[in-house]
Amino acid sequence: MPSHSPFRVHHLQASVHFIQGYRYLDRCGEALIKLENILEKGWLPSETTPKAGSLKNDQLGLTASFNSEALTVSQIEFISFEHFFDQACKIFETLVRTFEIKEINLPSIKVVFQKGFKDDEVEEASQHLIKMRLCTPNGGLVALLGGKPEALEFVLVTAEDLEWNQERVHQRRRMQSQVIRQERQPPFDERLLRRARQLGKQQRAAIAALMQLRRQVPEIFPVAVQLDLEHSFETEFGAEAFDLPAFLEQGWTWAESVSSGLTRLEGEKK
Amino acid sequence: MAEQRFLTNSVSWAGPATREAEPIAKGEPAARGGQKIERSISEPSSLKIATSSVAGEGQASRRRGLEKPPKDIAVYRTFRRLCDRILDELGKFGPFFAGDQVSDEGVEVVAEIEALLEELYTCPHGQGEFLKRVVVAVQSQVNNADWDRRHVTFLREIIRFLRVRYLLDEGTVDACYDLMKEQGLDRFRGTIGEPRAVKRYRLEEVDENDKSRETND
Amino acid sequence: MTNQEKQMTETSTAPVTAPPRRALLDTTVQLDRRKTASRQKKIESLLKEFDWKFSTGISLLEFKATVIQECLTIHNQLRRSGARFTRVRDALLEKKGQQISLRAHIFNNVLQVFAGSFDITEEKDHLLAEKARLLLENIIPRLYDWFAKESVDTVLNARLDCDRAKEPPRKKTAAFEVNIPECKRGKNKFCHVEEVIREEGPRLLKSLEPHVAASEQLQRAAEVFQSVFTNPKADLSHSNCRNAGDCLITLEAKGKATHALSSNAKEWKPLSDALGFEFVHITYPEEKTA
């Protein structure tokens, strides 16, 4: 494994808040059936309760969770924006129709980039983030504290009122940068322990794929400089009229452009 | 989310070294006057949905490549481009109204939209024949018709509705007919309803060898 | 002025509100409301004079058996593998049938919308067939919904309770289900048609006696009624009810409608007289001179 990696997308997440999504409590089961039928092969419903319903697809690295308040679709580590986009749009439209959601608000897309470091390179990672000079602490403040900057975390939020798809929206963009440690849990599902004949055909295929995945050697950096970029609209929209495909593509393109910009900054500093 | 799945921790280098100790006085509850809850104004917008089961939340390990990208996405983009082109054309009608009717100068725009609708008909976006059904429904209103503001408004509304649809179903067809009704158009035009047509057409049997035949009315 | 005088004066000068005018629409009037713009305009203008508009379950049955059935017949032929519009049209217009002109009307309308000034190649013929099929798929259930839910204030059906009228056309995967299945008492038939005929039929037939000889339709209706009078186990199916359609429609509306609207004066005038409706004859003289 290389000692450093360039910034790579580690996590994609889209979420949308439902307004009056209470039919979730009546129609969660129906929604799961529709999703199983509409989505790509390999989706497995996880335990579903009045608190939340969820599905996952380990082959695509996707999870989807929803309840009366919101829908969240995530793709971690294994990233394909095309698959994420395709499945997120289908899940969103299925739930809007099944729960008869009239309005949504706060659509957001989060793109998390990581630059990996080895286990014993925490200090290097911290210094790397400091040297990127994304946020420079006031020299006077450092003098007051005493010593040299050793670690830095910051969050920057920007906001703007603008026109999007012929509607006035309040756009909010957030960037959080930090150094993290991470440990992987091998993927586990209690259905791995069940006899194959106890499962339905679709679930059997998904579990078989998961078994294969568990045997693969995980590739993960134990330490990482993480940039968490989020693009959202703090605005209400008509659910059927909301242009989720355009929103996701715009958010993705923006995150990629920020990341390219930061990579150039890194290069300049060298 | 990464924090949950990967047991991440913002490295304590930037976290606080000390924990706040709570003094315990005899007879007093540990939490005095209610607990303090803090939320940062710069917190993320995205909502974390807590699911009860941790098992099953494990993630796939990284692999080099996925299966081929979903075909739906490329087709959706073609569909979306066609819808956007139709909307662009509709935007050109502004100066082409004589009262409520589309004037003769607007005929070119009408022809362009009819051609784009034909392309949309053949686009394989969506399941089954739902897109085709929506397009023939639209064509039943605008083909060979004397366009007026209702037709332009109907087209604008239905195309705006359609272009953001990733999944098409019976509801999409229903929405199309609801919009027709809203604009006061005859939903049964072209079947039970006789269309008020710009040109009249009829079927004429011709001799294959007759090269001088007329096919127009 | 004393209070009593004031009250009397107020009573005598109080405006007399006319009783509401309630129109019963014949099936042909319903069809005409959708067929051509000029007929629709004329009928809608006439209907503005009425406070309420009714149709009946039997009328809806007739609508299903004519308009909707023709759409289904054409749809069935068009959905066959390799169907060509011109061939389906030719085949269906060659057959003799009561609704042949309605069938031709539908084909011609499709042509006006989807055809153009071109030679119809095999490819275009297939495309035309496909588009016609899809359009019919769209409108068949909507025709029923229009009649049952939008076209009138209410579809009267409490008296006869026709089961076939309550069944909307339903599409399976490719084809629609049988439009009007045979009525079988206890299985899919729970209506009161025989009961109503026994109750109201004798009086009605007596009123219509002077007109029966001149009208084939009334003769058919009389035959249906007689079959029920003479057979205590009579079990009519929808085709029998359609043969007595006008009589059953007007019986359903007896006591509810004040006026009856139809383009068919021959049967509806005597029926209206017998059942206490004022008959409104709908004609289209402008179409004859055009």
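By written order: A, B and C. Residues from 1 in each chain.
Here, contacts are C-beta pairs under 8 Å (C-beta built on N, C-alpha and C of every residue); 3 or more make two chains touch, one makes a residue touch a chain.
None of the values given here were measured: they were computed from a predicted structure.
J.: Touch graph of the chains shown: is it line, ring, star, complete or other?
T.: Shape of the chain contacts: a line, open at both ends.
J.: Would you mind checking which chain's mean C-alpha position lies nearest the centre of all protein C-alpha atoms?
T.: Measuring from the global C-alpha mean, the nearest chain centre belongs to B.
J.: With centres defined by CA atoms only, which chain is the most remote from chain C?
T.: Between chain C and the rest, the longest centre separation is with A.
J.: Can you check how far apart chain B and chain C are, centre to centre, with Cα atoms defining each centre and the answer in Å?
T.: Result: the chain centres lie 39 Å from each other.
J.: Quick check: how many Å separate the C-alpha centres of chain A and chain C?
T.: That pair's centroid distance is 58 Å.
J.: Between chain A and chain B, what distance separates the C-alpha centroids? Give it in angstrom.
T.: 23
J.: In their shared complex, at which residues does chain B touch chain A?
T.: Result: residues 1-3, 5-11, 13-14, 40-42, 44-53, 55-63, 66-67, 69-70, 72-73, 76, 80, 160-161, 163-167, 169, 171, 175 of chain B touch chain A.
J.: Which of the residues in chain B come into contact with chain C in the complex?
T.: Going through chain B, the ones touching chain C are 121, 129, 132-133, 136-137, 139-140, 143-144, 173, 177, 186-197, 199-203, 206, 215-217.
J.: In their shared complex, at which residues does chain A touch chain B?
T.: These residues of chain A touch chain B: 10-11, 13-15, 17, 38, 40, 44, 46-47, 49, 51-52, 54, 56, 58-61, 63, 65-67, 69-70, 72, 74, 76-78, 80, 82-83, 85-87, 89-90, 92-94, 97, 106, 108, 110, 112, 122, 125-126, 150-153, 155-157, 172, 174, 176, 178-190, 213, 216-220, 223, 226, 228, 230, 232, 234, 240-246.
J.: In their complex, what parts of chain C are in touch with chain B?
T.: On the chain C side, the touching residues are 31, 34-37, 67, 71, 86, 89, 105-106, 108-120, 130-131, 134-139, 142-143, 146.
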